[in-house]
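Note that the chains take the letters A, B, C and D in the order they are written out, and that residue 1 is the start of every chain.
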Amino acid sequence: MDYMMPRDKNQPDLRVNIGSLEIANPVMTASGTFGYAREFEGLMNLHHLGAVIVKGISLYPRVGNPPPRIVETACGMLNAIGLQNVGVDRFITEKMPYLQGLNVPVIVNILGDSLAEYEEITARLAGVAGVAGIEVNISCPNVKKGGVAFGTDPIMAAAVTGAVKKKADVPVMVKLSPNVSDITVIARAVEDAGADAISLINTLIGMAIDLPSRRPALANIIGGLSGPAIKPVALRMVYQVARTVSVPVIGIGGIESAEDALEFMLAGATAVQIGTANFINPRASEEVIEGIGAYAKAEKLLSIRSIIGGLRIE
Amino acid sequence: MSQYQEKATVARIEQFANKNFRLTLHCPQIAVSAKPGQFVMIRTATGKDPLLRRPFSIHQTSSGGGIQIYFKVVGRGTEILSQVKKDQEVSVLGPLGRGFRLGLNGPAIIVGGGLGIAPMLFLAKENCRLKRKCSDDLILLGAREKNELEHLLEDFRRLGLRLLTATDDGSLGHHGFVTEIMQSALPPGCTVYTCGPEPMMARVGKICQSQGIPCQVSVESVMACGMGACLGCSRPAKDGTYTHVCLNGPVYDAEELQWTI
Amino acid sequence: MDYMMPRDKNQPDLRVNIGSLEIANPVMTASGTFGYAREFEGLMNLHHLGAVIVKGISLYPRVGNPPPRIVETACGMLNAIGLQNVGVDRFITEKMPYLQGLNVPVIVNILGDSLAEYEEITARLAGVAGVAGIEVNISCPNVKKGGVAFGTDPIMAAAVTGAVKKKADVPVMVKLSPNVSDITVIARAVEDAGADAISLINTLIGMAIDLPSRRPALANIIGGLSGPAIKPVALRMVYQVARTVSVPVIGIGGIESAEDALEFMLAGATAVQIGTANFINPRASEEVIEGIGAYAKAEKLLSIRSIIGGLRIE
Amino acid sequence: MSQYQEKATVARIEQFANKNFRLTLHCPQIAVSAKPGQFVMIRTATGKDPLLRRPFSIHQTSSGGGIQIYFKVVGRGTEILSQVKKDQEVSVLGPLGRGFRLGLNGPAIIVGGGLGIAPMLFLAKENCRLKRKCSDDLILLGAREKNELEHLLEDFRRLGLRLLTATDDGSLGHHGFVTEIMQSALPPGCTVYTCGPEPMMARVGKICQSQGIPCQVSVESVMACGMGACLGCSRPAKDGTYTHVCLNGPVYDAEELQWTI
């Protein structure tokens, strides 16, 4: 499938490659922060996106956590949505037709409780028209291992990657959890297991308390921290991972502007994802694309690829 | 359903009670497409803190492209918003959510309590316009004390509808809860519209249910996006699932929701 | 030694115990953010502090990192001071006399490259008048293990704790690094090794980039993230650790106000430390103490101890 | 050395060039204890972002308890500061750092470039007061263009000292760098005081060194605390160690520091 518009020779080349998938520009929307894209159709031009990554899909529908599910924190927010989603079958029948019509690569974020579940979702997505890639969320608890997240153990992370790769007919990105002692160990493990790209970071685990009621601010007690607050941690991990692996790295975490995105690319990211910023500015991803284009033009870059990993260190 | 992210200009900021403010914003695209019961999400800070937009019901719109919100300072976001100056720019996203189902036959009984009065003016106005005949509509407004109510009354009075008030301290109208004056005031074939504190809405819903009267409620929830993207604004629905207030609400039939009274 | 002022019976009791050390109120200043206390003498009443924790001390003086050493991030800051300090001997002769005069418990934060170094610093601090406790910073790289931080490995963390305990004649707090997969594993290890209390969190590892120059914002490339941005992570870890260990836990991370401090106490902290907030408001720690007192009074608490771990969870 | 954290009131905010502002703050404790070359740390945001205070040299003080800062908008903090309104409250911490050593015999040659002009007015004034006789003092001010300079000149002229100017574009005074007019203007026995862009100060320092003239420079550094607590504001010193600008500076003898020209 070719998603590319004929390229204007006077515009800088913003295309980048995620494994065998070429995208028109390095900006994607992060899973769980952009619904199924349609929510934004009146507010921005969806066709401009590098790729859309949809809310995490599980084998069966999930109703999610009781409220409150979100709470604001300093320059960030915590969420404990509880992976609410319609399940892979309804996703394919109800959501894919619209997404496919966008003419933008659709990357499906998947999650599971067990290796078998990851494998089965991937199998069901194989051959579905419009699915251009799979992003594996490994921050989920492994029910068999007492709820330890797949993403905190290199062996489990590799096993999930392998299970998905076995069934996938599109490039597979593995999305890392930042809640680990050494992110490069996990990155290397999933690369060795066949990941075509690595995206990071998912949310940091955090908590907030409502003092007047002396209760946790989230019904789930703990939640995932996202937004500008986590950007320094994300940037550091992207830098470390990009120096460790040879597959493309996709940077995520607190990106709100083209400047933020370009910093991630300098640190080694081939592409970026916009998450929480979508809530504050529904046009955020489009503005990041425009800003990257303007930067490339001002800096007279023939291709945006030339800045990937271009951080100057003496 | 058109939605816009507009750089609105502050046309006016008025302080009513100690912490209650009315803000008039010029944002013509939102103003022209807004429906009663819908809301807007406003960025209060220019920096990254507070990070998220804040939701506010649309109090009324003007043909000149203005919208009004009526709000109370309860935290940092509303504090910042109370300090905007005329001509300042503010980012407004809207109109959002499903509003009230209007133009139904029979009298409309509009019950607003506290900040829940905010959406009721727009509702009363627009409902009148749609129904043409609204002489048997009734507006019931409750608040803690007189000065939380009186500044708002002028615009309601201009509608020429029947209007009753109640205050917790008796400083204006009935001394007690607005639900007390409502109980006896429900004519046959009416529809009740309500917005206010949860216990009040639960009570209103219960009264309506016992009398077999349809009741539309406008509820709140914490929100990050206001447009269905984050799934953060969940609220337990009657059927055991969750509903998303920003998308399926904020207006519901009282029966769709779970109430704890 | 008794640091206690005679207590006013009309005031709520704010005293708490850190092992055998009783402090007048649960508020300490965090290491590296309060100099050697004297810097603040004109701006607040130092005598009101629960305890002073001084800048990390090593066996020999360290000059620290080249500039830039700090950079602001969203609701936070990164620092890479490089553990600049005068060394334990000059600390004892030059800094302790003033500190001792404050009549406030002085806790010495120590750091080292090796077990031997930790042990030797502790030995030199033993018997020094005015030293009321030792806080062991285990976020430092273990030179023998190729620079892996002591604090990211339970065995090394326990070893450092044991080495310090062997020589210490005052209560020993071990300060945990948050850059780990499971903070409770480390917490349990240091408790088993004899820690009298556990303080957390130290900074999260982060990075910032200066886009115009395409260089890292810090000369050291990576640095430690502190401030309100990290509070949700800190609160979560304090909650997890307080439920795991039975020694007192001291909460640190983004605390700016009495409300913040009380949230940490509800989550299980016996005391708190004020860090980055000192830079923004030199009176921050005093205001936190006042605010905790006012809260205790308003809530009619006989003792502030009654809220420790009092988070309501159903 | 007394330091204060004051809630200062904005007495006046003036815009000079496009991005250059002068802010007058009422903070009597700081005003009365400030010395030339010292600085203040100002909180620009009311929320938590931007988090840290920003350092600014004291431009002048008034006997009525006012201090002035002269600043350029270069980022978010200064942007917010440029938008303060009269009577607004701003938290100011100061006075901080070691200022200029004043009252020395012989002519004072005061060389300010760009924003480095800020501390020079206070310096020139106070030095005059201390020395009594200052008719042989000389002030040299450089900027990129006329409108970055002219508004500041009035206050300098009032001192009645000799004053020369230079602009990069020749729109006022000498066409070129201020260091060019300084070179030939150094009388025997003088002391040079300078503040400005690093290359300018390095150049001034070098000229002084070659002529054996003592030179005091006021330098910058990123700062978190401004009071010696964070050790963030390090700068390489001549002897291979680091010096902390907020505590040991911002004023140094040019020879104490490392310069790259």
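The working rule: a residue touches a chain if its C-beta (ideal position, glycine included) is under 8 Å from a C-beta of that chain, and two chains touch if they have at least 3 such contacts.
Here the structure is a predicted model, which means the values were calculated and not measured.
Chains that touch both subunit C and subunit D: A, B. Note: the chain lying farthest from subunit B is D, by mean C-alpha position.
Chain centres here are Cα averages; for subunit A and subunit C they lie 35 Å apart.
Per-chain CA centroids place subunit A at a distance of 48 Å from subunit D. Averaged C-alpha coordinates give centres for subunit B and subunit D that are 54 Å from one another. Across the assembly, subunit D contributes 48-50 as residues in contact with two or more other chains. Annotation for subunit C: residues touching 2 or more other chains are 74-76, 227-228. Taken as a graph of touching chains, this assembly is complete, with every chain in contact with every other. On subunit A, the positions that touch subunit D within their shared complex are 74-75. Chain contact summary for the complex, subunit A toward subunit B: residues 32-35, 39-40, 42-43, 55, 63-72, 74-77, 79, 81, 84, 227-228, 256, 276, 278-283.
By the touch rule above, subunit D contacts subunit C in their complex via residues 1-5, 43, 48-53, 91, 93, 221-236, 241-242. Only residues 73-76, 78, 152, 179-182, 204-209, 211, 213-216, 221-222, 225, 227-233, 235-236, 239, 254, 259, 262-263, 266-267, 307, 310-313 of subunit C touch subunit A when the two sit together in their complex.
Of all residues in subunit B, only 45-50, 76, 80, 85 touch subunit D in the complex they form.
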